[in-house]
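By written order: A, B, C, D and E. Residues from 1 in each chain.
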Amino acid sequence: MLNFIIQRLLSGIGVLFFISIITFVVLMWIPGNPALLSLGTDATPEKVEALKESMGLHVPWYEQYINWLIGFLSGDWGTSYVFGEEILILITQRLPVTLSLAALSLTIAIPFAVMFGVISALYQNKWIDYMARSLMQLGDAVPQFWLALLFLVFFAAGYGWFPVAGFTPMEEGFWVSVHSILLPSIVLAIGQVGPLIRIIRSSMLSSLEQDYMLMTRVNGLSRTRAIGKYALRGAIIAPLTIVGMQLAGILGGAVLVESIFALPGIGRLLLMAVEQRDLILLQGVVFFITSAVVIVNIITDILYRLVNPMIRFGGNHE
Amino acid sequence: MSRLRNNKLFVLGIILVSMVVGLCAVSFFYLPHDPNVMNTKERLLSPSVEYLLGTDQFGRDILSRIMVSSRYALFIGLVSVSIGAAIGLFIGAIAATSKGIIQGLLMRMIDGLMAFPGILLAMMLVAVLGEGLWNAVLAIGIFMIPVFARLSYSLVLDQKDELYIKAAQSYGTSRTRIIFKHLLPTIMPRIITQFSASIGNAILIESSLSFLGLGVQPPDASWGLMLSESRQYTLTYPFLSVPPGIILVITVLGFNLIGDAVNDSMVKRRAAA
Amino acid sequence: MKTILEARHIVKAFKLKKQHLFEKQTFVQAVDHISFQVKEGQTIGIVGESGSGKSTVSEIIGDLQKPTSGTVKYFGKDIGTMTKEEYQDFRRGVQFVFQSPKDSLHPFYTIQENLLEPLKVSSSTYNKDDALKEVTELLGKVNLDESILKKHPSEISGGQAQRVAIARALLLKPKVIICDECVSALDLSIQAQILDLLKELQVEFGTSYVFISHDIGAVYKMSDYVMVMNQGKVLEEGETEQVLLHPEHTYTKTLIQSSFSIEEDEVV
Amino acid sequence: MKNKWIHLEDLRVSDAYGRDIIRQASMELFENEFVGIVGESGSGKTMTVKAILDLLPEELNMTCSKNEVLGQNLLKLSGKERKRLIGSGIGFVPQNTIAFLHPLIKIKHQIGEAFITHGMGNKKLAKEKAIHLLEKVGIREPKRVLNSYPIQLSGGMKQRVNIAMALMTDPKVIVADEPTTALDTVIQKQVLELLKEVHDKDGVSILFISHDLKIVKQFCHRVYVMYKGNVVEAGKTKEIFQHPKHTYTKELISLLPTLSKDKHMAETV
Amino acid sequence: MKHFKITLFVAMLVVFLVACGGEEETGSEPNESSSNPTGDEETGDSSEMNSEKTELNMALSVDPDGLDPHRTTAASTFQITNNIYDTLVKVTPDGEFEEGLAESWETSDDGLTITFTLRDGVVFHNGREMTAEDVKYSFERLKGEESPRAGDFANIVEINVIDEKTVEFVTEELNVALLSNFAYPWTAIVPEEASNDLRNNPVGTGPFKLEEWIPQQHLVLVKNEDYYDPAHLEKVTFKMMPDATSQVSALQAGELDVIGLTGDLVGQFEGNDQFTILENQANSIQLMAMNLENEALSDVRVRQAIDLAVDKQALIEAVWWGYGEEIGSHYPPILKEYVDTNDTITYDPERAKELLAEAGYAEGLELDMYLPASYQAYVDAGQVIADELSKVGITANIEIVEWATWLSDVYTNRQYDLTVVGHTGRLDPYVLLSRYHTESGENYFNYSNERVDEILTLVQKERDEDVRVALYQEMQEILAEEVPALYIQSPTILMVTASDVAGFKTYPIDIYEMKDVYFTN
């Protein structure tokens, strides 16, 4: 197990290294000279050069990369020139919003997905299964930004059930805070439910076909107990494997949803960085997001192994 | 195939996609109005006999714009997924049949690409390449690579220790021939399934990019762009966002349903075999 | 009798998964210094339970796996140092019949395509008509009807598939056919038919067999010479009758006892 | 007269498309009997047993003129009663190659399932009994095994656990479906002997399904031979092996491996 | 070298708040020849002040890019910093100058030296009293290398502290608009000890102090009790909301008190007495610039044809919903030097075709139009213009570019044919018009006219205001005739407040003055 963790961490570092190179090199090519941008219409060639130098943009790209990487590792992620604030601070400021959003949307999505996934597997090809699957398909097909707009118009602006914009921090009360991000969370959750239902349904279906289910019948167990104790157990850990993907989905969706609902989260920071061509900030945010995805993937992989004795003890007999 | 025909969701998917393809086909021969000609005196009209879906903020016919946009959507969907599938297949097959460092490197690369939330990678690439149709196609294509690479990697890995491959080795088949003549045909059906399922996703990403102003550029029409333009009028004229939103859902839903149904039927066939 | 294929001290070691990073790498010897010779027209049997290393041996002598150490010689030449022509010759000369007959045929090709493939690959003067003629001829030999050519592997029975696989192995006129558990996936009655067919063909073509099985009865029926393997090592070897009727090693005895229980019963 | 634990008559099973899987099968199992069912894969032997145990998938159609288990007519029982009757009265030893034990649940939470469900005792009692039975089936460290997941056990161990599990409810009958197929020969023999011991010592009737004639011949009192969905022959083991009537049976018996000198007999036939 | 920077008119998309009432520390840049008053509006009825309600919420669509007034050029930033910092001189809604941190000032006879006497008892937010040294320090900082405005102040060659409350500025060349240099919000006086982190922790002498700023969320100002003319409000919260829909809904829901508007949304509030719509003519203009480097566009007939081809009224109606005043030249009507040139060239597509044919483009003409992505109105206007041009045979290939790209490629490197953009006006007409000088760095039209160059030289030395006005008007007429750009309109700034908000005033420069705002009962 320890070996696996180390192995997984090493490969994770490999991935992060690769990502850091992509991010860096790709962003090097972005048009719009950052020095020029921060000088606005007041740029003269000399000023641009001077600023470039002070921003460390005058050395070859690989040196810039190494400097950036070293800085990054030592906790100095650089300073955003749009905000004039350390990027690490900017990210930590916004993290609570995006985290709350992600957590709430998963809190909404998971119970729904488990319920629909299990029910539609139990009643395979019955109307309820078709309904659940149609809902899931619809959830997959509806563009989140459109949904966000519609929700905003109807539920926030129209009926006034929700605040139209802005985030209320936890300190001002848990429920107020939840209420302030409920609508965007629902939008994000709708995007997440589809894949979750799919995987829960299919793992439930395969669990139901397993021979241990036959054994529960031989032993004369009630159907409820057989499903509750045996079938569910087999089905419930499968979604763990896609949590990393889900997180990527949520973060991707957050870019659009946060901007529509005016939530000061990581997604909006990212959009801001793109629009303002704040290279250093963009690098920091992109690397942060992708690292988060990679790390969550590693954690879920490890968790999956811890939860799943088939893998945990499997090695001994192979 | 007969099983597919009995699958109601598959049939629905076919119907939906045919609607969009039909709309696209018709757009080459007939458009109710010129989609790009403005008539500011007749802007933001509600649906009428003259303008079946009303007009937009410049008085352009929404139906015509939607019809023209379907070309972009289908084009981007098909081409970008083709790019992603071709490159992904190649990388996946190479990674699966090689060993050690090359495999590790390729897989880390794919993992790395996977870690980018969809829209983010596409945004970054468009930011580098510049806005526009072709760059959006390319960006989405690159986004699609890891999906196909992963899939073909695991399929090839699955197949390469199969006995029929060993048999082919045993009578002296070269590695290239094994990959192209023996492995590829067996994994192709799954790739094609993924292909059709990915088209919906590609169209969705294109619309998101256009929504953010990174995809198709005005005055050309794209559903995402139309939605983006409607944003300003969500309060005064909310209907503006309805037609492009619905057609987008129809298209994506259609492709997803087809992909899913084909996938299901293949899973069943494999289970039955 | 001429020696066709020879294995000399072949060893195959697998890395054992380390439990933690700093543990010393340990190896497990899947095949531990095995040597034997395959002589012309002869059948050599290898018997052992799953995990005994017998399949690894078969793949090493057929060059589907590289040994950790040791050499395999074909007509006295080390296959590792062969010229391209010599190696092609070896490839044609040593053929396989695998355990799951259906899996060893390409699922998407028709039987005809499956059978033509080896000819396409190995012959520089491939001609479809000639090849087809050859194939049809061989089908007759393995008691199959021509109509099977148009079918896919999924449409034929396991027994038929194994006949196809045998035909495919024979197409290249091999000197040795390695039968790796070639009947164990088949029903008992079919097993007998296939084994009989193999014997008939041996008489007709003079091919040597390496017959690998966990079924001691089948090995007994097929082999002239037998090796009993357990945990990568050869416990006992010799003429078939000698080894199986008068086993020396206790392991061999248990194996025989549990497999031929009927006879014992009858004796009792 | 001995009790008749299982009495099945004229079983017929067909699939959703109306194709017959089992055409005709009748079967009896008496008290303190060791009965074998032989046949090749697809002959319908497993399906027959599933029909007896009420385990057939819903989409299959099953008819029979009689299906009595432990003296009660299954056809007349409610689902609940049926569950109870089979769950407590019959033990099932499955094929070991497949996951009949839930891979994610420790043995101790699975082994007492029937025992507890049918009100034979609480968890504690179940555990005690399990330990006792595990020892009986030759497991040296029953507590460790109880605390393990199935994956941590070897094939032979798992099969012992399965047998212990089948014995938990003190059943009158054990149905064993190819219980040794993928086990190594040596372990195969141990498991078989264990079953025989259970039969001999506890007087449990055993319905034993196998494709391996030599095992059947060695252990069973009576044999049913199945071929393509039919029971083609039934009778005392010795009689059948000495005087097989059906051609299929004859062929099967002729194929049994022997160490006789005429090993090339088949060739000459 | 004089660099008169004209900030690009930026905040277009949704919120473009015009400055609110009163005067305080911000400077505008009036010089003697400067502006007319811009719109000046008291909102709400002038009933009693509500002393209970003292917290105002306002929407912003763009975050400030830091709160250091010496280190930014973004208009949206000064709208806020104006309330935190003070300048020596302030501008009134009418464009007059009045005392800010300086109690009085005196210009030497040669016009090269100006001496300020500072107000007594002004204290920074950190508690220290402001002195002449701080003024000197602030201007040196403003002229420093890192300052984007350094060029504007290159003319000031000496800053002398006479005593604690007196400071003297010496210039190299005569600048008739010198005083305006001390009124812009970027000439704020800052304390040296806090200068390292003004961007995030601003310390000024203004009527409000920064309480909290969470970028992209909100920015909170609280009243500075020590201010010499204390604000009515205790707290002003700027909420960042990029989406117009959100802003409108939030205003309707009572979460906000003030928002900016686009023309299409006016209908949401019209006839609703819970809200007050503020409509003000902006001191800015919007135009479609043409690059005279392009061979076709170097021909005046082609440019005139383009002007003739576009129905400006329809364009204003389509893009700005009619909220804007048509212009014929590079000058906003609210300034006093304005001369109406709308009739110089009027909509006549037929004539446009004739002119194009004369110029040799009867077969048509293809041009590249670059539009800045972040400004929806310009993107829309560009599309409408392109549509109009297509009717006379000109194909405009639209390319939408990021603001950064626009700045570097279009504005700085002048790689374009057509582009739509806006220019904020200032109080000094010279600054507004100097970009048409052949040598000007901002002459991204590549326009060159001898008479224009001459006028631009003359006006700088001309001390007679009437002559100057005449010169400026002549120049406007030349531009209207030669159309280096298609002049579209001077926009109307639209804002909506809750009806109990009073005291909003608009200024000829882009600032908000929050200290005069209050709630009525």
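Keep in mind that, in the parts below, a contact is a pair of C-beta atoms (placed from the backbone, for glycine too) under 8 Å apart; a residue touches a chain by one contact, two chains touch by 3 or more.
Keep in mind that what you see is a predicted model, and the values were worked out from it rather than measured.
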{"item": "Neighbouring chains common to subunit B and subunit E, by label", "value": "A"}
{"item": "Innermost chain by mean C-alpha position", "value": "A"}
{"item": "Taking each chain's C-alpha mean as its centre, the one farthest from subunit D", "value": "E"}
{"item": "Euclidean distance of C-alpha centroids - subunit A vs subunit E, Å", "value": "41"}
{"item": "Intercentroid distance (Cα basis), subunit D paired with subunit A, Å", "value": "51"}
{"item": "Subunit C-subunit E separation of Cα centroids, rounded to whole Å", "value": "88"}
{"item": "Set of subunit E residues in contact with two or more other chains", "value": "243, 245, 248-249, 402"}
{"item": "Residues within subunit D bordering two or more other chains", "value": "none"}
{"item": "Subunit A, residues touching no fewer than two other chains", "value": "31, 149, 152-153, 157, 277"}
{"item": "Subunit D-facing residues of subunit C, complex", "value": "49-50, 187-189, 191-192, 195-196, 199-200, 214-218, 220-221, 244-245, 254-256, 258-263, 265"}
{"item": "Touch list for subunit E against partner subunit B, complex", "value": "243-245, 248-249, 262, 264-265, 267-268, 314, 317-318, 373, 376, 379-380, 383-384, 386-387, 398-402"}
{"item": "Subunit A residues within the subunit B interface of the complex", "value": "11, 14-19, 22-23, 26-27, 29-31, 130, 133-134, 137-138, 140-146, 149-150, 152-153, 157, 248-253, 255-256, 270-271, 274, 277, 282, 286, 289-291, 293-294, 297"}
{"item": "Complex contact set, residues of subunit B against subunit E", "value": "36-38, 40-41, 43, 57-58, 127, 131, 213, 217-219, 231-236"}
{"item": "Touching residues on subunit B, where the partner in the complex is subunit C", "value": "162-164, 166-174, 177, 181-182, 185-186, 273"}
